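Next, two complexes with chain A in common: one pairs it with chain B, the other with chain C.
Showing the complex of A and B:
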């Protein structure tokens, strides 16, 4: 793809952002909406710049918890994904249980985690882990299980053991599925950590947002939302870049689009 | 003396609607270094016969003998080519060709393997494509690579499951020629499953016709043309008569009976 085209696309996306910001500003000012309900974006940015050190420190706390949870969730999800993909026996026995576990609302789990561990960082990391690990597990397993049966036959006829087939073909084959899930999981981890902070923490974006809303500190609330949103978008972009860089072969022919 | 003997072969499997009889008392005898084509109505179990010969499936009754020994596990001296080239997109062409050796206990030097792969690429007219990725190649070229991968292990038996079915008519004829050249150079025993009667006659020394399910051999005929054959022989009367006779045994609405 010519880079000019790509630049054009970035420009288009950015101009939509700018358009929404301007719209926000106009609506808030012209309709004279009270600041506690919807402050104009210019005031939010002013507040954000003024209190930047305090705000960013809480954003970093949340990101630290999210990323640690994501890392652990990725390792666990990938490992369990491989195990379930390798053995249909494990798949049949554990899959229903895992789905049941995933179906439990995360909010309901946080108090339990607090009861079992501590307050603050640990439950936030664990909640991030839980939210991120499942999409990775499901996608990795799906990637392995959708392997072309003819490819299995081909490997068998050359005397491949189950293990060699798994390492040489199944795992690389499932990687595009894994990376697709990782993008979703990254955003999910931030959601999980923030959620846990709302229930059981004394710092972090989740806690601060909740407090700000209780005190009608809408400027503060929006500042956190903007920054964590930005961080989330950046993480998604970073994981997408990893995806395209590491499993580039799965995107063959995209240049033509 | 027959090299591959198929005696009273029966194969059935269980589906939701009860047992399905695919093959019933199928008999074939194939001498060494013959090129045999297997034709028949679609869904009659041609692929099943190939898989039984390859040892990828086990017969319900009857037996497959290769060189006097019962086939009861994946046949080591065989190679297989499928309708889809089944190349791994993350490996370059040359790495795809030597893949079978990564499944085998026997270790050959990388240099030796590369040299043999290059030799096969040259024979199939892909001399300069070893360092390309499979998806950079056309469908016909990919199928040539699949042929190279099948032949790198110097198989005594080459099993082909509609290998040219997905190609356009011109590319298909090109690959007939390539396949014939490879056959004449290596003199393996070949079994070709195909829907294309002309392809069957052009390439083989003997054509077997299968009946609809439960399938058995209805008819077989030795093909009198000498090797190497030119594409023009398709237009001779001998060829056309042969084609018409075989077509008559396959049935269906347009049968020439």
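Showing the complex of A and C:
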């Protein structure tokens, strides 16, 4: 049951979106902006409702690709993060390389992935995988390596072996870092999948959005952008909720911004 | 000595990776159209250096403009949101929604409004570089030690003065830390936009070489992009160490 303060916040959030929608409608209508540039939001919503089954099926295709890529990227990133956190040899030799890869646009690899695999689903999943993999890997490793030294010293005094220290302390304490990265990776996976669809697919939001833009079908374009935006916000919200409920102890006594 | 050893580790790893890549390509007779070896990529880099440099400069210019504008917008909005906290309350949901909106699907809208080339690239770069700056500026401004605020209030400082004299210097380390994320993000934005909506720049070259199966050229352009990314990150880290070093005094990571 939301408290009064929370209700006020929800009301404020809703009113700002309504305000933006009204502003959009007024600007588009009063300034007589042609529909191929900026259609009024009422027409976009009409279009969206009318063609909802087609649009939602493409959104589902894109979400399937993004989420599968995100899941694979998460498993891989976590596993490698644990390996790098555990072994200082691997860390020393591979971490600088990973940072180098981290700062390059992974999205540039899409054409290569397309050449190596095929059109459509496979490159989209792989692109979502590599875009979500790196933030998770880097954050998990950082989380493991920035342990409180007092905690480690205490565990060692109690005679913990390296392995037990790793399982009982390192992994749990890296989880807040992991979940923080997961939120970023979720949005990144959708970016990766849609980009791959733009370059090499016959369906999915990316393909539809680019085609609509080239044909000046702004009603279609904005409908797709609105729906995939909504899906992305929902995913972000879901991952934030996971963060809050699974590693709640990390935020104890700390006011969140 | 320890740093030298660490560098040696990295160099050895890079050498091993490159050597085994070359060996696999040669021994398994992998065609250069599928996976070119490092030597072939180096040859390509050298033989098409002039056009690659030209496209790299275009990408760098777009990234620099997008990065700079992203910083400007992020800092201004961050300060405004902290100064007027009601504005923060009101805009927070909208900003979260905009942050979540996949920037790739926004490129076609920019393409429609502004045409091909630099404008959509810069706009996409801004939309990606803006958010890390904004969140870190806000975090920096809000993490002022409350004793400082008390002292300044007792001496009769106004809200704006506190923000200017303590808030801004306090948020500088956060801002410099954000550069390390925002710089590469701006490059991602430019690349995405160039892949979809440009007729020059490295993103365009990568997609074009993919569609004509010129894989060595594709790898060469990816190497250029990689170098730009590393330089961007390195510059940000350098400036962080130079101008915000006082914030890291005594930390050992």
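To be clear about the criterion, the second predicted complex is superposed on the first by the 246 of 257 C-alpha atoms of A that agree within 3 Å, B and C clash if a C-alpha of one lies under 4 Å from a C-alpha of the other, contacts with A are read in each partner's own complex, and residues count from 1 in each chain.
To be clear about the criterion, contacts are C-beta pairs under 8 Å (C-beta built on N, C-alpha and C of every residue); 3 or more make two chains touch, one makes a residue touch a chain.
These numbers were taken from a predicted model, which means no experiment stands behind them.
Once the two complexes are overlaid on the shared chain, A:249 sits against chain B while remaining clear of chain C. Of the two partner chains placed by the overlay, neither chain B nor chain C lies in contact with A:201.
Judged by the touch definition given at the top, the superposed model places A:126 against neither chain B nor chain C.
In the overlay built on the shared chain, the residue A:160 is in contact with chain B alone; chain C does not reach it. Of the two partner chains placed around the shared chain by superposition, neither chain B nor chain C is touched by A:84. Once chain A of one complex is fitted onto chain A of the other, the partner contacts of A:44 are absent, as it touches neither chain B nor chain C.
Using the contact criterion defined above for the overlaid structures, shared-chain residue A:63 touches neither chain B nor chain C, since it reaches no partner. Of the two partner chains placed by superposition, only chain B is touched by A:172; chain C is not.
In the superposed model, C is the one of chain B and chain C that contacts more residues of chain A.
Once both structures are placed on chain A, no chain A residue is touched by chain B and, in the other complex, by chain C.
In the complex of the two chains, the chain A residues touching chain B come out as 148, 150-151, 153-161, 164-165, 168-169, 172-173, 247, 249-250, 252-253. Listed in rising order, the residues of chain B touching chain A in the complex are 51, 54-56, 74-76, 78-80, 82, 84, 86, 88-90, 99-100, 102-105, 133, 135, 153.
Residues 9, 12-13, 16-17, 20, 36-37, 92-94, 96-97, 99-105, 107-112, 114-116, 145-146, 187, 190-191, 194-195, 198-199, 205-206, 209-210, 212-214, 216, 218, 221-222, 224-225, 228-229, 232-233, 235-236, 257 of chain A are the ones that touch chain C when the two sit in their complex.
By the touch criterion given at the top, residues 6, 9-10, 12-14, 17, 34, 89-94, 96-97, 99-106, 108-109, 111-113, 138-139, 142, 183-184, 187-188, 191-192, 195-196, 202-203, 206-207, 209-211, 213, 215, 218-219, 221-222, 225-226, 229-230, 232-233, 253 of chain C touch chain A in their complex.
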